[in-house]
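In what follows, a single structure is set out as structure tokens and then discussed.
Just so it is clear, A, B and C label the chains in written order, and each chain counts residues from 1 on its own.
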Amino acid sequence: MPEAPVLQTIDLCKSFGMVKAADAINVAIRPGELVGIVGANGSGKTTFLNIITGYLKPDRGRVLLLGEDRTGLPPRVITKLGISRSFQIPQLYTNLSVLESLLLSVAAEAGRGTGFWQPLHRRHWIDQGLETLDRFGLKPYADRAVSELPEGGRKLLDIALSFALRPKLLLMDEPTSGVSIEDKFQVMDILMKVVEETRLTTIFVEHDMDVVQRYGRRVLAFNDGKVIADGTPGAVLADPEVRKAVLGRA
Amino acid sequence: MRLLTTILMDGTVFAAVLFLISVGLTLVFGVLRILNVSHGGLYAFGAYLATFLAVRFLEIGGNPYLTYPILLAGALIVGVVAGPLIERAFVRRVYGRAEAIQLLLTFSVFLILDDLMKLIWGTKPMFVSEPYTLLGEFSLAGIPYSWYQVVLIAVSILFGGALVWAVRGTRFGKIIVSVINDREISQAIGINVSRIYTVAFTLGALCAALGGALVAPTIAVVPGFAVDATVLAFAVIAIGGMGSLEGAALGALIVGLLRALAVHLLPEADLVIIYLAMILVLVVRPQGLFGQVVLRRI
Amino acid sequence: METRRLPVEALVGAALLVAVPFVLPAWMKFIVTLALAKFMAVLAVALFLRANQVTFGHAMFYAVGAYAVGFGAKWFGLRDVALLLPLGALFGAAVAALVGLVMARYREVFFAMLNLAFSMMLYGALLKLYWVTGGTDGLSAGVPTFLGYAPPREYLRDFLYYTSLGVAGLVIYAVYRFLASPLGYYLKAMGENEIRIEYSGESVRHVMYVTYVLSGALAGLGGVLAGFTVGHIVPEYSFWIQSGDFVFVALLGGYGSVVGPLMGSIAFEFIRTYASKYFPNEWQMTLGIIMLAIILFRPGGLWTIYEGLAARFGRREVERA
């Protein structure tokens, strides 16, 4: 018998005024899957992640995480259940250093985020933090201020902060947006190596068809809040409807 | 019955003045996204200057009926001088900085204004009751009321109506709304956002000063009533929803009536009741009665 | 990274403060004692400034501490500093725990103004419930005893001074640890990004709440010491002007460090003593102008000015480079 899906959505709907940002989305993600999401601007990719993680409440439908209905719970609780995400616009602590930021994730993961007497800088947390930074190629920046990071570094740190929570499901919203074309594949290589090594169930949103083609095992195509295709990269990206919706041409 | 009439009348008068002040505060907040703590200072300044001018005018034997335009002139001077001055010289410099810093900046301005008034006019109470007594009284349910209070209510309603018209029905209003909704886009479509900021701040200052000038004949103008004005106006717009004109009107009415209720039934608790109302509204509906929740896009 | 020169300077600073009663005249001793007391309330305000939150109402907890002293003397015959200090801190924390239930939900202008509203309610109550609080006349503090020992009159000031210094030392240590803890870092981080905190599985409201209770205890401690030092407790302890002063001092000293507020407090009390002598009517204006200048030109306050100077003249800095 196959394992229960890490994530399953049933008939998710969400509208903003006249805009249908999510329109009857039914998706199931099994443990160990690596799923890419493509779609044009405004097709509802971020909204999908926002609903799953509880930032937005769906107008209709349910979100099942690890087999249980978790619809409408706030991000904090969803995160505690083992669902982490990164953001299209990196959400960073720009007034802290790179290592300090990461230590906060490590502390949260250890269930010690609310400690107010023992220091944040503990040897084994620092080791753990540096190890994570190393995975993402950020170790040289450990003592730098977050505000000094280049855009690619900001993206990676944003993901590292989520990764350090040791999630069961990692959601990445456009990990390479804002990264220059030359660096895109480098960033993706780093990320995919991490994902592979840890066998982490992962969903990543990506604009760039080439990136999805190269890294996805399974691809979901979004259009107007609907999932219009779901399958292997080859099949989905060859689908004329998808090509029309995402690229604007067949 | 008599008590009820009194409470309703007092409450409405109080609400009328509060509305004038609050609508300015909410306008500035809507456009600049800065809470102008010095707003109460501008209100007090309006009251002081208007009273001062009117007193002087009467001293040199001016016609008492002309004190009305004099009061308005006082408010106008404060609005168009202090408004742009404060915005250009100080507030402008902290756009885009942390909200804490913006608050502290307007707080500094408040402190300066507070002392400036004491320096100019001293600490002795100032009165000009002519505009108040001149209009005479009428009686309602056997209790005498002053016509001036009715004028206050009328001015406030007219002013509110004019503002709504200006915002909804004119080109300038549309520009303001556009800036409130999205600064970047407004800038992109060629609106001079920085000018709009100055204009909005000036308008806000004008509202405060006007409130002060109109209330002056009904009270003794003394140092220290500026803070109360800031806090009450904040309570009004927090209840009504920050940045909402209708909210300011409804909030002013609620606060005004509650205050009158407290003054007549439970005078010890007049401020407490207003604050409790504000806290209650904020707990139940953090965005205020007319406010909208804006989710940050992530 | 932390510079190594800090401990040396901390020692020098501490030594200077210990020497105060021997070198300064009595009236200055009084000023520094008061500065130490208020420093604790300033620190409470500074905690929130780190998180980018302003409070215009923390004088309420300062007043709670001070009135604990006043009520203690008036109703219960209590005047022992060692007893009233923890009591004042406890009351401050308890009131904060209550008010904090509401306050932890709000930020920015709401946080600032709701604090103001709460403090003004307390102020109104202190004024109007005069049969309990003495109204505008206020209450007198008892002549303090220290763990039951009543020092001779001429040494009373010294006892108070060293008590304040000792408490200030403990407070600095405790707050330093707090700020170095995960929660302390979350407090700083929330000023920049609350969304990431929630998406780390932590509660920003919890961070606010714990800090609020701590801030209440700190300001309460300050109030107890101030109450004893001044000897007279009036509703003005809770007035907005007092809250404004705390905010001002935090900005003046610099809220980025624990020592900044201490420097600010001492500087402030001296400035005020002289200003009230030479231009009593322009006091608030002076504050306003200094505050404007800091905001526009020196956002880090005295502490960064000092750091800048230390960096320019410090040899160690050169050696490290």
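Throughout what follows, a residue touches a chain if its C-beta (ideal position, glycine included) is under 8 Å from a C-beta of that chain, and two chains touch if they have at least 3 such contacts.
Predicted model only: the values in this text are computed from it and were never measured.
Using the mean of the Cα atoms as each chain's centre, the chain most removed from subunit C is A. More C-beta pairs in contact connect the chains of A-C than those of the other pair, out of A-B and A-C.
Located most centrally within the structure is C, per distance between chain CA means and the overall CA mean. Computed from the mean C-alpha positions, the centre of subunit B lies at a distance of 33 Å from the centre of subunit C.
Subunit A and subunit B have Cα centroids separated by 47 Å.
Between subunit A and subunit C the centroid-to-centroid distance comes to 43 Å (mean Cα coordinates, whole Å). Of all residues in subunit A, those touching 2 or more other chains are 87, 91, listed in ascending order. Listed for subunit B are residues 298, each touching two or more other chains.
Within subunit C, contacts with two or more other chains are made by residues 191, 195. Residue ranges on subunit C touching subunit B, taken from their complex, read 49, 52-54, 56, 102, 105-106, 108-110, 112-114, 116-118, 120-121, 124-125, 128, 191, 195, 240, 244, 247, 251, 281-285, 287-289, 291-292, 295-296, 299.
Chain contact summary for the complex, subunit C toward subunit A: residues 1, 177-178, 180-186, 188-189, 191-193, 195-203, 206-207, 210, 214. Every residue of subunit B that touches subunit A in the complex is listed here, in rising order: 295, 298.
Those residues of subunit B that touch subunit C in the shared complex are 29, 35, 90, 93-94, 98-101, 103-105, 107-112, 114-116, 118-119, 227, 231, 234-235, 238, 242, 268, 271-272, 275, 278-279, 282-283, 286, 296, 298.
If you check the complex, the residues on subunit A that touch subunit B are 46, 50, 55-56, 87-89, 91.
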